[in-house]
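Mind having a look at this structure? Questions to follow.
Chains: A, B, C, D and E, in written order; residue numbering restarts at 1 for each.
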Amino acid sequence: MGRYVIRRLLQAVLTIFLALFLLHYLTSLSIQINGNPAYAFFGGQITPTQEQLRVVAERYHTDHPCLKRVGDPCLSNFMDTLGRYANGDFGQDLRFRPVSDQVVMRVPNTLRVFAINIATWAIAGIGLGMLAAVRREKFSDYLIRAGTIISGAVPTFLFVLALKYLAGVWIGGWLRDHLGDDNVLSIIFRPSWDEAHPWLTVILPGIALAVIGTAGITRLMRTSMLENIRSDHVRTAKAKGLTGGRVLLAHTLRNSLIPVVTLIGLSLGGALGGAVITEGLWNIRGVGQFVFNAVRQNDTPIVVGVVSLVVICYLLFSLLIDLLYAVLDPRIRYE
Amino acid sequence: MATKVQTRSNILDGLDTSRPLLEVRDLQVEFHTRDGVAKAVNGANFSVERGETLAIVGESGCGKSVTSQAIMGILETPPAKVAGGQVFFHGVDLLTLPKDTRRRTRANHVAMVFQDALSALNPVWTIGYQLGELFRKHRGMSKAEAKKKSLELLDLVKIPAAKQRIDEYPHQFSGGMRQRVMIAMALALDPDLLIADEPTTALDVTVQAQIMRLLAEIQAERQMGLILITHDLGVVADVADKISVMYAGRIVEQAGVLDIFARPAHPYTQALLRSIPRVDGKGRKLEVIEGLPPVLTRIPPGCAFAPRCHYAKPACRERVPSLEVVENGRRAACLYTAEVLAND
Amino acid sequence: TGGGSDSEGATDGTINLAQGTDPAHMITTDATETVSSSVLRMMYDGLFSYSNTGDLVPVLAEAVPTSTDNIHWTIKVKQGTKFQNGEAVDANAFVRAWNYGAYGPHAQGGASFFSRIKGYDDVKATEDPDGDGPNKAPDPKAKELSGLKATDASTISVELTAPFAGFPTMLGYTVFWPMADECMQKIDACKEKPIGNGPFALKEWQHDIALTIERWDAYQGNKPAYKTIKWRIFPDGAPTWTDFEANQLDIDAPPTEQYQDAKAKYGERMLEVKSPSLSYIGLPLYDPTFAKKEIRQALSLAIDRDLLNQALYQGRYTPADSFAPPGIIFGATAGTCAYCKLDVAKAKELLAKAGGWPAGKKLQLWINTAASGANEKWVKAVGDQIKQNLGIEYEYHLEEWNKILQLTQDHKIDGPFRMGWSPDYNYVENYLVPIYGGGAKVTRTGYESEAFTKAVAEADAAPNLQDSVAKYQAAERILGEDMPGIPVFFSKSATVYSDRFDPASVVVNPVMGAIDLRLVKLK
Amino acid sequence: MSDTQTIEATPPTAPVKAGPEKVRGLWSDAFHDLRKRPQVLVCSAVILLLILIAAFPSLFTGKDPRDCQLERFFGAPSADAWFGYDQYGCDYFAMTIYGARPSIVVGLLATATTFILGAVIGSIAGYFGGWVDAVISRTIDVFNSIPFVLGAILILAIWRSAGDTVWPLILALTVFGWTGGARILRGSFIEARGLDYVKAAKSLGASDSRVMFRHIFPNAMAPIVSLVPLAIGAYIEAEASLSFLGLGLKPPAVTWGSMISNNVPEVLAGHPRLLIIPALFLLSATISFALLGDAVRDALDPKLK
Amino acid sequence: MTDHNGFAAGGHGAPALEVTDLVKHFPIRQGIVFKSTVGQVKAVDGVSLTLRKGETLGVVGESGCGKSTLAKLLVGLETPTSGGISVRGEDVTRLGRSGMRRLRRNVQMVFQDPYTSLNPRMTVGDIVGEPFAIHPDVVPSGGRRKAVQDLLDVVGLNPDHINRYPHQFSGGQRQRIGIARALALKPEILICDEPVSALDVSIQGQVINLLEQLQDELGLSYIFIAHDLSVVRHIADRVAVMYLGKVVEIGTETEIYDSPMHPYTQALLSAVPVPDPTLRGHRDEITLEGDVPSPANPPSGCRFRTRCWKATDRCASEEPLLQIRHGAQHANACHFAAPRDVVHAVD
């Protein structure tokens, strides 16, 4: 077990190292080709003085000479970056605030969005998938399948924007007129996030974010259910005289969930991409919005800082899961 | 025996113990597939008495499993559809029962053991859970009671160290042990009839012998009816009282075990027996049945075996022969049984 | 007339507003952008403010200062007012603030505002000896402006390097506000929690989320009629209009696309204010194609600014026919640009006169990328019109803003480029000199004209403001003939306020281009 | 397995002469199966039309999408301009037609590159196993750990000002998109490595490349083939989303994505058609590809027959 | 080979294939990047056999005893951990690449599952013709189609079906395709790994008869692996019984079936049901307890001792060698070997 842990750790470190290098190389290339990102600090309004530029470049660590040579991998700069990362320094945003602080401040909100997102996936995806499987080849099955294809084809931003008007302004307006401003429903149906109600105002965007992934989860759930419905152990369960509900829940659903849960895990990375747009448009103070703003301001260093953090968290998280599996299931260790 | 039935009369009304334990009459099962309607079971007739072992034999795909599942009422509908016939359990037609009554008959009166125990057991629940579930859901027992009963069952099927193994998962058991668990599960609610669908096909011969012995012991002890589905005629010769031979969805011959092996009355039975290699060296040269069984969506008119039959005459292709008594209780579906019997 | 409302609720009410970004920090000398200045404006009183007609009104100054030579200025500071920490607001409070702002190493955004004061060259940032290299620039020679003195508690004396009649107009601007001594001692703390002297004090600042200010009850001036303002941060790209429509914000500007819609819906509650910001096209005079002024004039004449305004902005902007927006900016007049109107025939004639457009050459349009696409929009329309009216095909060049700045600075652009200008203070000079003054090397367009340089110098040296204005107008007419840049339009802000406001109390300040929040009353 | 019965019913000793038209492989069988379904026919027709539009836009409109006359702004649809004019007075029909090309090209090319790259890398990893697999699996991990959109953003940031070329976009989608295909093919190869027909080929002395390309690859492709149409739709949509973030193709290139994202505000200005028209085209493309993918998957899945 | 194979060349020709002390251990590995071996699955653990020209050697044993591994070793799909395999007196474990290619021509394999052993995306012609594509020197390229059709004819398939795909054939027909492929290079030895266990009884006969017919016509030698002892009896001349990676008994068909010496062989044979109800209860039945132990951790000494009714302490400490013991004509590996007829009726 000890050896396995060490091996798995070494491997995680290696992956993190490579991923960070990839990110570093992309940034270096971006700076080498596009020039000093320090300008971004001043936005489109102000022409910065040399002194101002210098201070900013220094803080961004973009004053390294290798950043002037296109294609240079900037290894020494990378080592510096790694050193800073090791010290918890992931760079600073336009306001000179540490990216890590920003991310720490924003992570809870992103987690909220994700919680709603996952809940939606679980409830809608699994529920609809199950329904489609149980009523396969019937009208509701076709309807659900058609729905997944269409919802999977609508770009997230359109969906979020439509929701902002339909739910936030129109439905929300009606609710506020009839139930008052402080009614829970009125708060849920607000067109943007409000730090005073960090959970309630994250429900709509969380659902919107989940829409695209729900399609895939619904479909997988349906396939997985169908496979299990036809399986021998379900036949056994029926032969045992169990009720239809029990056969479905205890002997089909649970088995079908395994690949679905794996897919949910895999989809979270993609959802973070969607969260960039959703959080940006819903004004949710999350990690996604941070990236959204940075992208709009051409502020690549922040994007890289955030993505680096995300990558490290993701890899450490998967390491943790793997180790947990190894503890729980002795067979895993003998791969 | 009558008392036993009465204890569970809350499940089935109108049981008549004077009628056979199970009587299948003209059972028809169809599958609606893209290529048309497949008649998987096309008029099956047989009966089993208490304490009796009926073996159903036949080539792969001839409809043995479908028949057993139709009796159990666990066919997937659609694509399957029971198109006709009756399944009497002590005189009560199971096919006409309300859904819920039908469900409660399963395991309580008629239980089943499947071929591949690994896939027939749910991989995500422990053995103990899957056994205990029966007691909890059908008998309303508490978890602790159910566990106690489950342990008794595991002991009954001779699983060593049952106390430890009850909390293990199916994949942690060997093939033979898993099949014992399946049997335990089938026996849990004291069924009157046990249907075993190729219970040993996936097992090694030494393990097969263990399992068959176990089944025989239990059957003798409880006086259950047993329907044994298999294509291994060796096993049949060892345990069966009666045999039904199936071909392309029909029972083509039905008789006591000694009669069939001694003098088959149907050409198919005859050919089947001649094609089996024997470990005791008899019948050195293997005979083969030329050709293949028909595709069930396109069964040729007349006798389905006719295209492969040595005895076939033009009449065979015109009329479907019905299962008729040949001599003292044995029945065969062939127009030329006399010829067949003569040729043995 | 502090808080005359009869309803308790209203005087204790909160105004909810949106802010585009989280301010960098709250320090007056760095508050050159609208976000922090709009917040600081509620917390600070300066020497002057601009009235609702755009005039300079003394606040902490005794009167508008005058000067005989436009070099030496004396400003009298009212006595008896206090900072929120109890310190007195005296002449020193201003002098220390200005010295702080001018000192190069502090890297304050407003530093250049002090460049007219004597001694600025000694305090400004020095050149870095090795560019981006590791060596740091040496410290400036002096720490304080030699031309700036507090002669006593109530008197500031200023000596400029050259005559500048418009000097007082600058004094209403944010960077000239005072700073408490405590602030100087703990500047970092002050950046987070400024010590103001105005009607509001900072209550809570949740970075990137919201910023709340609350009424300062010891304020001696006009007390506000409500208690709190809460700005929630809506970064660029997060729509605010939905929140206004959902009653979550009290003031907002409708998106361009919904301007007419909002106008119809909110009627009276929509206030339209001309904003001082100018959109123009810079022309590369160093490029031979644009060397002849007829070409430049022809291009300008090919643009139908009115149609552009209708098509793209639902008619809400003001087509430009001058280089500075008249009616807002002090000294700006309409019609100084004769070529700023559509006249296809004349454009063709001028083009022919200049020898025509080089055959086969495409007009290269340079635009900076902006996520909102707002700039691309009108430049594309301009390109389309030039194509349609003069038959000149065009091509786009999209570059990052910083690259555009660098390329224009280095004169490496071969076609018209989009630029915008927002004034720093309310004087026509601020539109002419920073954009077109300073010589061919300095200007992005490469424009240099003896006549213009002379006119500007004369204007600055004029004995009084009126003469100065007249001279600047002369300089503007020189630009109108030379056309180094093509003014396209002045924007206009449309602001809608919620029905919680008492309409009578809603007044727009033209210089800020926004509702004067100090005057607002809640119903 | 719909064809088997014609043969199985016949004893091997008396075979019927089967005409060549009855002889079909799994693929052609799937193809025949697909040909019969109306859903497939409709989708294929839509896709074909879109590809035709993308390839020869001038066949469909005589107008130049860049011929914009401001005075026509927001002009309503008419016989002359079917979809009316946009804000700049450009012919919206012409724009929609010309906008097909970059959208379709991105969808097709990005799919091609991601799947080819993924297939090659995944099959090498799966076939050779050992350290090759270890290295490739780590690499897949590395690219997988960076969320797709974020990674694409970083790459596009490099070529932010590249203008109206599709290459940076395709590069970005490829660099962070190949891992999906690679993962699937790696799995298929590992599974196939143990199959008897592979062993049979090896025991005949077949070389690695022969085993890989003749035996495993065609079989391992089945799961991936059905994903291809889905991916095409997803990439077309990704272009739209990146367009919205300001990272898509730059003007003067017209894409459905940029038409949608540029005209979102115009919906509320009373010109919803400017959004709806390109959105319908985008949806029809993605949905057609998705439905086709579904059908192909079903047709190739023997279990569903 | 040494005489412990217990069979002198009785009527058959020279050895076609000899196996000496063949061992195959599969390492149990741990880790993903840096693997280390933590154990061994002793799949084949010291097997010696001789296959003579024109004979059929049956190999029987329970699941997991190493039959398939042995087959793979013989055709070169696995490399042995130790031991030798010689074909026509040439040790193939020491052959280079070209030597291996030559070997392939002499030793071919027929696989168990007719459904997975044929590439579903190749036509029958491609499948059967593939050996020619790999070994282009065997048949000139112009004659390949003809050669493939001849092969199909040989195995009793319609030569016109050359363009069909495997899924268009029944199980028995598919197995014939597999045999045709194995025959393409005109090998002398065919290794058949359970070629009929996936088939129905009625079809099994077709394949077995075909194999016997081919042996007569082409003079092939077979190693016929099966767990069905009845089938083996019908085709094999000699039979080897394997248990946990080792051969426990080897002899002619009659020796093994009529007078088995090893307790395991006896138990195995007694467990095979005979399709004759008249024998019910009249046979000597031996029921073994428990399952086969794991080959990763086999018992010491005699591997069968954990299930053997004769086992003593000696069996745990001393491994019985495969040799001819007192009272037998053939080799077995039991300290207490004694003949016992379990197949026929005993009373």
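Here is the rule we use: a contact is a pair of C-beta atoms (placed from the backbone, for glycine too) under 8 Å apart; a residue touches a chain by one contact, two chains touch by 3 or more.
Just so it is clear, the model here is predicted, and its values are computed rather than measured.
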- Item | Which of C-D and B-E has more C-beta contact pairs | B-E
- Query: If every chain is reduced to the average of its C-alpha atoms, which one ends up farthest from subunit B?
  - Reply: C
- Message: Taking the mean of the CA coordinates per chain, how far is subunit D from subunit E in Å?
- Response: 49
- Task: Report, in whole Å, the distance between the mean C-alpha point of subunit B and the mean C-alpha point of subunit C.
- Result: 92
- Task: Averaging only over C-alpha atoms, locate the centres of subunit A and subunit B and give their separation in whole Å.
- Result: 53
- Query: How far is the middle of subunit A from the middle of subunit D, if each middle is the mean of its Cα atoms, in Å?
  - Reply: 24
- Query: If you look at subunit C, which of its residues touch at least two other chains?
  - Reply: 369-372, 400, 403
- Task: Enumerate the residues of subunit D that touch no fewer than two other chains.
- Result: 4, 8, 12-13, 138, 160-161, 245-246, 268
- Task: Check each residue of subunit B and list the ones that touch at least two other chains.
- Result: 292
- How about subunit A: which of its residues touch subunit B in the complex? 137, 229-233, 235-244, 246, 250-251, 254-255, 258
- Item | subunit A to subunit D touching residues, read off their complex | 11, 14-16, 18-19, 22-23, 26-27, 29-30, 33-34, 145, 149-150, 152-158, 161, 165, 269-270, 272-274, 276-277, 291-292, 295-296, 298, 300, 303-304, 306-307, 310-311, 314-315
- Query: Across the complex, what residues on subunit D touch subunit C?
  - Reply: 68-71, 73-74, 87-89, 160-161, 163, 245-246, 250-252, 262, 265-266, 268-270
- Within their complex, state which residues of subunit D touch subunit A. 138-139, 141-151, 153-155, 157-161, 233, 237, 240-241, 244-247, 257, 260-261, 264, 268, 279, 282-283, 286-287, 290-291, 294
- Item | Complex contact set, residues of subunit B against subunit E | 59-60, 160, 174-177, 204-210, 212-213, 231-238, 240, 257-258, 261-262, 271-273, 275-282, 284, 286-289, 292
